[in-house]
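The first chain written gets the first letter, and so on, giving A, B, C and D; residue counts start at 1 in each chain.
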Amino acid sequence: MGILEVKGVNKRFGGLQALGDVNLSVAENTVHAIIGPNGAGKSTLLNCLVGKLIPDTGSVMFDGQSVLGRKPHEINQMGISRVFQTPEIFGDLTVLENVLIPCFAKRDGAFRMHAFETVAHERDIVAKATQMLDDVNMADKKDMHAASLSRGDKRRLEMAMCLVQEPKLLLLDEPTAGMARADTNNTIDLLREIKEKRDITMAIIEHDMHVVFSLADRITVLAQGTPLVEDIPEKIKGHPKVQEAYLGQAHG
Amino acid sequence: MFGLSSKDTRFLLIVVFLTLATPILLQPFPEGSSLAQFNAGYPDLMQKFAIFGIFAIGFNILFGLTGYLSFGHAAFLGVGSYTVVWMYKLLGYNVLPGLVLAVIVSALFALLIGFISLRRSGIYFSILTLAFAQMSYNLAYSVLTPITNGETGLQVYSNDPQILMGENSPTSPHLFGIVMRESTQFEVGGWLFTLNNGYYFCAVIAILAFYLSLRIFRSPFGMMLRAIKTNQTRMNYTGLNSRPYTLAAFVISGMYAGLAGGLLAAMDPLAGAERMQWTASGEVVLMTILGGAGTLMGPVLGAGFIKYFENIFSKINDGVLHAWFAFLPDGLEDLVVALIHPFVGKGWHLTLGILFMLVVIFLPGGLVEGGQRIARLFRSKKTKTAGPGGRNRDHQPKPAPHVAE
Amino acid sequence: MTNSTFTRRGVLKTGAVTGAGLALPTIFTSSASAFTNEPTGNTVTFGFNVPQTGPYAEEGLDELRAQELAVEHINGIGDGGMLNTFTSKALDGTGILGKKVQFVTGDTQTKSDAARAAAKSMIEKDGVVMINGGSSSGVAVAVQSLCQEAGIIFMAGLTHSNDTTGKDRKANGFRHFFNAYMSGAALAPVLEKAYGTERRAYHLTADYTWGYTQQESIQSFTEALGWQTVNNVLTPVGAGDFSSYIAPVLNSGADVLILNHYGGDMVNSLTQAVQFGLRDKQVNGKNFEIVVPLYSELMAEGAGENIKGVFGSMNWNWQLQDAGTKAFVQSFGQKYGRPPSNSAHTCYVQTLLYADAVARAGSFNPCAVAEALEGFEFDGMGNGPTLYRAEDHQCFKDVLVMKGAENPTTPFDTLEVVEITPRAQVEYAPNHPMFGGDEASLGQCNSGA
Amino acid sequence: MDAILLQILNGLDKGSAYALIALGLTLIFGTLGVVNFAHGALFMIGAFCAVTMQRILGLSFSQVDPTKTDFLGNPLKVQVPYVESWFGPEVGGAIIDWSVPIAIVMAIPVMIALGFAMERGLIKHFYKRPHADQILVTFGLAIVLQEIVKYFFGANPIQTGAPDMFAGSFDFGVLMGFDPNVIIYPYWRMVYFLFALVIIGGVFAFLQFTTFGMVVRAGMADRETVGLLGIDIDRRFTIMFGLAAAVAGLAGVMYTPILSPNYHMGMDFLVLSFVVVVVGGMGSLPGAVLAGFLLGILQSFASMNEIKSIIPGIDQVIIYLIAIVILLTRPRGLMGRKGVMED
């Protein structure tokens, strides 16, 4: 029994079958990659997991509970954090504040009227956030405007914001999309480090085979909205069906 | 002190000092001098500064922090005023019950409007709030005349119950016998200063309101609100429900507005329906943007700026102009007066419009940015003389602009 | 140290010269004052609170012209205007009680709040002893109650609602202008003569206090004639387009449309009613007619030729032929190149009446002034013999019934006087139910002491 | 039935004005992404073009008429318009009578020039600024414009009549078999409605069938991409601003016989037109037109006595009520696109 269990999920947009009978199981403390060509339904699947879309049929169970019908913030509170394709951070806030917010969310839940406390007086939380920034090597930038960070640093910051919540499951939506090779390698290093240092389950949606094979414990290949195969990376590499699906676009 | 950092404490103390010294600071010109026209240290205007300051501070908690632009906050102002006057009519002239109730009623009203309006964001939210406020205004002006006394404005009549009125109770708004419109005056040389009870009552409340807003700005709650303004998607995927946060901000700012409206009636026992019109909502938007949205002091400055114009510039008529330029030769005097004439007196709107444009074009951060630029100019001069040590400033990573100042 | 309810200026504003106030190194000067803003120097300040911005700005401008002229006449500048024809001779053109009059102005914006703020500023900052002006009843009532609280005299400008001297009457407030009741009383006989007693009236009424009182008055008078009231429809203020209110009128069986509108609303509703061709129609075998109970010159100018033949009432008109009117028109016309409007007239007269009352009372004390005004009978101000009634501070005088002129030669004679309704015909008891009944009371005069 | 027909007719011309103003507002918003609070002022300036034309055509010289006297008792100076003395009272009078339609000729270049000047001189610098700044600066501009007009024309409403030919009203009722006087409709309002249809049709045709229009529509959908194609989209957007100003101005010119213009009429229409635009859906041209007519007609219905007697004051709040209902049921208005103006 995995921490995330997707069973028989279907999703149609008008006449288009975006997801057809998707079954997926992500085991605890593994890195599970979902790959597939453009339009394979990877993003739709992800959106079904985080509450942005509701599947037409099927079930999505996380940690023994259904996520269906819950709002994104509720699902996050269950322990799923998400990293976006283009980093979603609080641009107008400082780097430290960016990390403080998930800390508060973790401690206080989805809403708390803490209008009469002072951020600076929440020493535990500030310490935790500072420690997290230290972990991702951003401690020296903690007073900078998040919007003025480099793209790599934004990604790093977003990752820190997710990790500081100590999620049970971290979803990554093409974390290296549009990155230069060097940046991609940095990201791979960062993720590998996270994987080694923490007990965390990750589900990665990715285009870039290099990233996938460097990180994943298991891989699901999605094509036209249906899982094609699921296996360990070594088996996937030479799999004929995968070759077929990726024909002509082996590396995105 | 007061749960604030030392910098904020200093800031607060400066604000307290400025507020308490306002009656003196706003009378820079001696009585009888030709510039006395520009003195603003008379009770009504000072009260307006404090009250609209409160209104704008509250509005800024919503707009400045969350970015939700409400075009209907005047409705809460009006509700606050009506509540207070109704309390005068039913209970008596003590302002306290009315003010407390004004805050409660406006909070409920804001809860209702906010609950519905916050289902949408952006301009759709603005139009929803505008629609509610305009409906309130139109109804208050006409159909609800039995409750609001319509165009004339709600006021106290001699046959009202006023059940708490004793034999010797003051017959105008008071706080346990301290009558709001009483003043103490003193003269120093040619200067005349008026210390008005009502003003100091408003000033104390304004300081409390400011302190509260300072605390909110520095609180996790305030940080959440700023986060909503920046990125709601991330907010939601961080496990935070933005709706109750925005609703709380909306209600808080509605309470500020209700308090301000209540104070208007506490200073002057009449509540007019125009207080709820969209122009009044627009005014607080302009005050906030003009001063600097999202900054602590900006909205207060903006409020002061607009009220000063409305009350001082509108009173400069041709007679006054002629008196100023009487020293010029006749022809020149007439020419100068004719040139200035369109901009003052009944033309004060024109000047205000031009200033709006100038400020927003040249000072995108509002008046506060103007102040900061001047301060920076001052500072850079200082650092130049202080030697090379100060120069490093510019090369450090740019710190996030602090929301204070 | 002085404790005062409303500020009083010990030091005078006399232009550029800084007088004794600066020279004396006094700290904590104290001087007891008998009443609010007691003038101590050789000048006294009036406050003219008129709409300078907003829809009635033009009317406010004309009021301001007249007030300025009145001040000149009181101070002995110019030809003296109505002071020459005024029956009371207490004013001699040397100011009031030896003090020169100066004035400050405020902008009411035709909003109660703004008007009160402007009035307060004039009382607190400029130390005025009297406020005059205004162009709407809401503003008048609001400022009147403020003056009552402050302890100064309010001489209302253009305010036509019954409430101003009815349920909202105040001891410190005085109204020279006529009211909705008088309009009804004056119009009814003329309407009877012109349109007969078998008429069916349809009212369009501005949806606010003034509209209600005027509609109530006109309805009661026309019904007394035997007219029926088909309907009374409330229209939003500033609606702009009244077509959806006007269109159903013809089919309602009504043959007279009564427009209880003022200002821009009146210009638009009348223009649009004419555009709908109402006045070319026949209903019940009679010509369809339109009545505008309250006229003003500026609105008539705005409505242009649409007002031809439309009846209405006015407080005063420059075309009157009495000596007072002639003197005022001459004086005003010389200075400004145009004849005065009736709101200008009422503000001018009110300023003179106040000054005269002070001179007769020998004091600026508002209570003394009020006493001098109460029950004061005078003539020579253009309205014939006039009484300032003590019970409600309303002036009683002749009322003019006007009609849109068929062939105006200048922009100023768009209206012509049809009848001068004698004062006796428009009088009523102070406790008339439309004026607050027995409950209405002036309260106590407040001098602010 | 007849009452409903009557109110539909009345709603049409009110709706025409709303639709025209909202159309211009949406053009500016859709192309430039600018919230233009000065749009009402443009409508007002248009109306004052008609007033100006009336004044120009009515330019007069004085002739002393010794038989009459003015209010001061001096001999009356009669004002004789130049056009009447040039062309004779018949033709001259007719020219003056037609000053509102003639004003269109003046309004088009004036409004386009004003639009260009506004866009190049001011709005251009605000594309990248927050909407709040745009609101403040255009609101300031609106105040300035209206104060300038007030300075020259005063605060009173100014009568600008329609040509005599269009005076009076047409009896639709008789045409449809009702009694006379049941459904009457002024000729000028018909003219206005037709005029609005022509303008709206013209704008849509322009955007639909010209290359210029196609580029602009593409730009409205995705400005950056069009910019990448090497098309000078900025220049076209300037022209669009001029066009929007002209639409607002023409709406104002032709509205003057219905509503005597005064300097603050722009502000009166501003709030309403924003409600219309938002109800239609920000950035949607058909939405703006649809919402304009819809709100106009519903407002007319709400003014009916039958409805007012059930819900007093409904005519004063109907527009806002509809706006609330529509925005709560259709998050982006009637025809709004996703993601526009939601931040």
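Following the convention adopted for this analysis, contacts are C-beta pairs under 8 Å (C-beta built on N, C-alpha and C of every residue); 3 or more make two chains touch, one makes a residue touch a chain.
From a predicted model like this one, the values you see are computed outputs, not experimental measurements.
> Name the chain pair with more contacting C-beta pairs, choosing from B-C and A-B.
Of B-C and A-B, it is B-C that has more C-beta pairs in contact.
> CA centre of chain B versus CA centre of chain C: separation in Å?
34
> From the C-alpha centre of chain A to that of chain B, how far is it in Å?
So the centroids are 45 Å from each other.
> Starting from the mean Cα coordinates of chain B and chain D, work out the distance between those two points in Å.
So the centroids are 34 Å from each other.
> What parts of chain B, by residue number, touch at least two of the other chains?
138, 142-143, 349
> Return the residues of chain C touching two or more other chains; collapse runs of consecutive numbers into ranges.
53, 57, 61, 207, 234, 236
> Taking each residue of chain D in turn, which ones touch at least two of the other chains?
312-313, 316
> Using the touch rule from the top of the page, what pairs of chains touch, sorted by label?
Every pair of chains meeting the touch criterion: A-B, B-C, B-D, C-D.
> Please output the residues of chain B touching chain D within their complex, sorted ascending.
Residue positions touching the partner: 63, 67, 69, 116, 119-124, 127-128, 130-132, 134-135, 138-139, 142-143, 278-279, 282, 285-286, 289-290, 293, 342, 347, 349-350, 352-357, 359-361, 364.
> Please output the residues of chain C touching chain B within their complex, sorted ascending.
Touching chain B from chain C are residues 1-19, 21-22, 24-29, 52-53, 57, 60-61, 103-107, 111-114, 116-118, 120-122, 124-125, 136-138, 141-142, 145-146, 149, 163, 167-168, 207-210, 212, 234, 236-237, 439, 441, 443.
> Enumerate the contact residues on chain D facing chain B in the complex.
35, 122, 125, 129, 131-133, 135-137, 139-144, 146-148, 151, 267, 271, 274-275, 278, 282, 312-313, 316-317, 319-321, 323-324, 327-328, 331-333, 341-343
> Which positions of chain B touch chain A when the two form their complex?
Answer in residue numbers: 3-5, 215-216, 218-224, 226-227, 229-231, 233-242, 244-245, 248, 252, 397-401.
> For chain D, which residues are in contact with chain C within the complex?
Interface residues on chain D, with respect to chain C: 2-3, 6-7, 9-11, 13-14, 17, 68, 70-72, 76, 78, 150, 154-159, 161-162, 167-169, 179, 181-182, 184-186, 188-189, 257-260, 262, 264-265, 268, 299-300, 303-305, 308, 312-313, 315-316.
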